[in-house]
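Have a look at the structure below before the remarks.
Naming follows writing order (A, B, C and D), and every chain is counted from residue 1.
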């Protein structure tokens, strides 16, 4: 899990989701009340399985020489309150954060959005760092929602998944559709996809398609 | 052909046409009713000639350890119905998909578009994955059309060519002109190119110029 | 310090802040009235600790085979007038320079901006190269201001920090937020963050958070 | 010269000025009525000093196994009619081509534009490939103009320089300022720079500054 989490940060860099050190991935350790997360203040080039840190579900450092990411409390809150979540990702990726700055959900006007998110990508509340506000905002918004990503108002994106790789995929796809829908809307109104078709696409992608192998 | 198709996926990555695994290249095996296509759920870094899969023209797996791409039915339909096509590419590249989300064809306002596409890049219908709808939409739109690329509504791009390399070139050029015309229109109306000049440019590029060597 | 300054130019390239040779980093030599700066006319690939040049606080060349950067006078003026500054960076990064071309400050509508800049990123005056005008404009604007970056009108960005790395971080974050706020405003008005919350975020990031380790 | 021209194509790729094979660099051989240019249909990865081709000033192939670039006639016309030009570059770079598609000159609202181009970057006529029309359009527009780059209507950019490196620099800077001014204008009107100041900046950059060393 340390290696998986360390390596997945390279995907954030590859897809241009992060500037400097402003983004992080965590992964729940299966069968234990612990998760692995990025250390604070370490650049993406320097991440190794060894310098990743381990925290308990209250966000307390259990193992590691560095402090955990400053976003650890939000990750911990999600693991505590969403037992099926095995991975969490946070970024300030440009297009998704722009929707977040306006407080606008991304409408589902692409089949790839219907597949991955099952509809719109929702907006979470404005919340300050320092206590459980951000975690609460994420959980309130995503619990029972099809979307695996939430746009936290004036802040950025949190995404979840059954494991850290799925959460990273959701973060990558979130920025990809945020950008495409933004570009589409710059020159007019994108055509809506009927709700029935969104449901059919989502159902197929999550079930029929998923039974064979991950895409 | 396995090696050619495997290698050409690197061009999709290099030109930023794909996020995660959302894009695929296929190539008809000359003289046989078979084509090579990307396996499903394998990342671009891991593609090798060996793990590419071979399908018949109904999209059934003939050779390979992985399932074929979830877009295989659309590729197969094109090969079945357009005998001159030797390569097919599918992407959700950002700018082309943005035109597709609005259901708008890209007008021919660049000489490079006249050269490569002979006019506008057309819009195909909205179609759900799961049967031949997507394939039919591609073939209906491109049969008899100069353009080698079609923008499938609310979805993305399919491009065709005499071989997989030509189809990849069409996919790259489609995104390039989709971006340039988008940017041009953000600040006003691009100047039209008279139809006569479009015809002359297309004719020259496909004939006079093409007789010597591929560009 | 020569090595630190030489290496940090690679971050300007990595984050796409510079075209050709149009950007430079400098660093004050601790305890001396000297600073290290990029040589003029040397490409980023060719920078080494050895070819960096050393200047006194009037911008005169003290050590080095090349002329110092053509922006040396502005760097020198900052070091002379802001004794706490240990690093200065100059770029023409696209989005920040676009705000500068309109003479508009970047409003603080992202929590990352509140953290790093403590509010808006201000506009400095139009100033010609050749004397102390640019340096004066930077110092006038940033002295007593929370922001570590200034958008010089019709020109580009200057950023400062306690050392060259902090100044590079400010330059990277400045372009990142310039881009995100630009994109947000393309489709509507970003939501404001209340001043109290900006103050709380800035205070926490600079103090509580900063006491443990740099992010 | 073969090596210089071959290597400079890598800068077109590095700065994202070209898609597929749509861009080329040439360089006059000092003291001879000959120039080196990119071969047609060879990808940028495969360019070597050996496969570059040599043409006379009428654009006829003098040395080389490949056909010269399909844009050779335009390069040749420039060398024939502008004896001080030692390098020519052609691209379809996105932002510059977008201005060209609207037939709009790029206004000089950045000090970097005043430095490098001495004012606006002008528009050349619409011209078809196949005879001297493109070359004539370039020469008519740039002869006696400060700008080293011209936006050919509905087409792309040609830039010139005393040698191929200077022409590549002009192509890189042209796209850089085309992008920044585009972005600036998306959200309002950039502030003008007074003509006197443009003149002063241009004069300094070309003379005082130039006497010491290239930037």
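Operating definition for what follows: a contact is a pair of C-beta atoms (placed from the backbone, for glycine too) under 8 Å apart; a residue touches a chain by one contact, two chains touch by 3 or more.
Every value quoted in this text rests on a predicted model; they were computed, and no experiment measured them.
Colleague: Just to be sure I understand the contacts, which chains border both chain D and chain B?
Modeller: Both chain B and chain D are touched by no common chain, going by the contact rule given at the top.
Colleague: With chain centres defined as mean CA positions, report which chain is farthest from chain D.
Modeller: It is A whose centre lies farthest from that of chain D.
Colleague: Between chain C and chain A, is it the same set of residue numbers doing the touching on each side, over half shared, or a different set?
Modeller: Copies use mostly different positions to touch.
Colleague: Averaged over CA atoms, how far is the centre of chain A from the centre of chain B? Could you give it in whole Å?
Modeller: 31
Colleague: Can you check how far apart chain B and chain C are, centre to centre, with Cα atoms defining each centre and the answer in Å?
Modeller: 43
Colleague: Mark out which residues of chain A touch at least two other chains, giving numbers and ranges.
Modeller: In chain A, the residues touching two or more other chains are 186.
Colleague: Linking chains that touch, what shape results: line, ring, star, complete or other?
Modeller: Looks like a ring, each chain touching just two neighbours.
Colleague: Sort out which chains touch which and give me every pair.
Modeller: Here the touching chain pairs work out to A-B, A-C, B-D, C-D.
Colleague: Mind pulling up the chain D residues that touch chain B in the complex?
Modeller: 19-22, 40-41, 66-67, 70, 92, 94-95, 97-99, 101-104, 126, 128-130, 153-156, 182, 185-186
Colleague: Under the stated contact criterion, what part of chain B meets chain D in this complex?
Modeller: 15, 109-112, 169, 172-173, 175-176, 179-181, 183-184, 186-191, 193, 197, 200-201, 204, 209, 212-215
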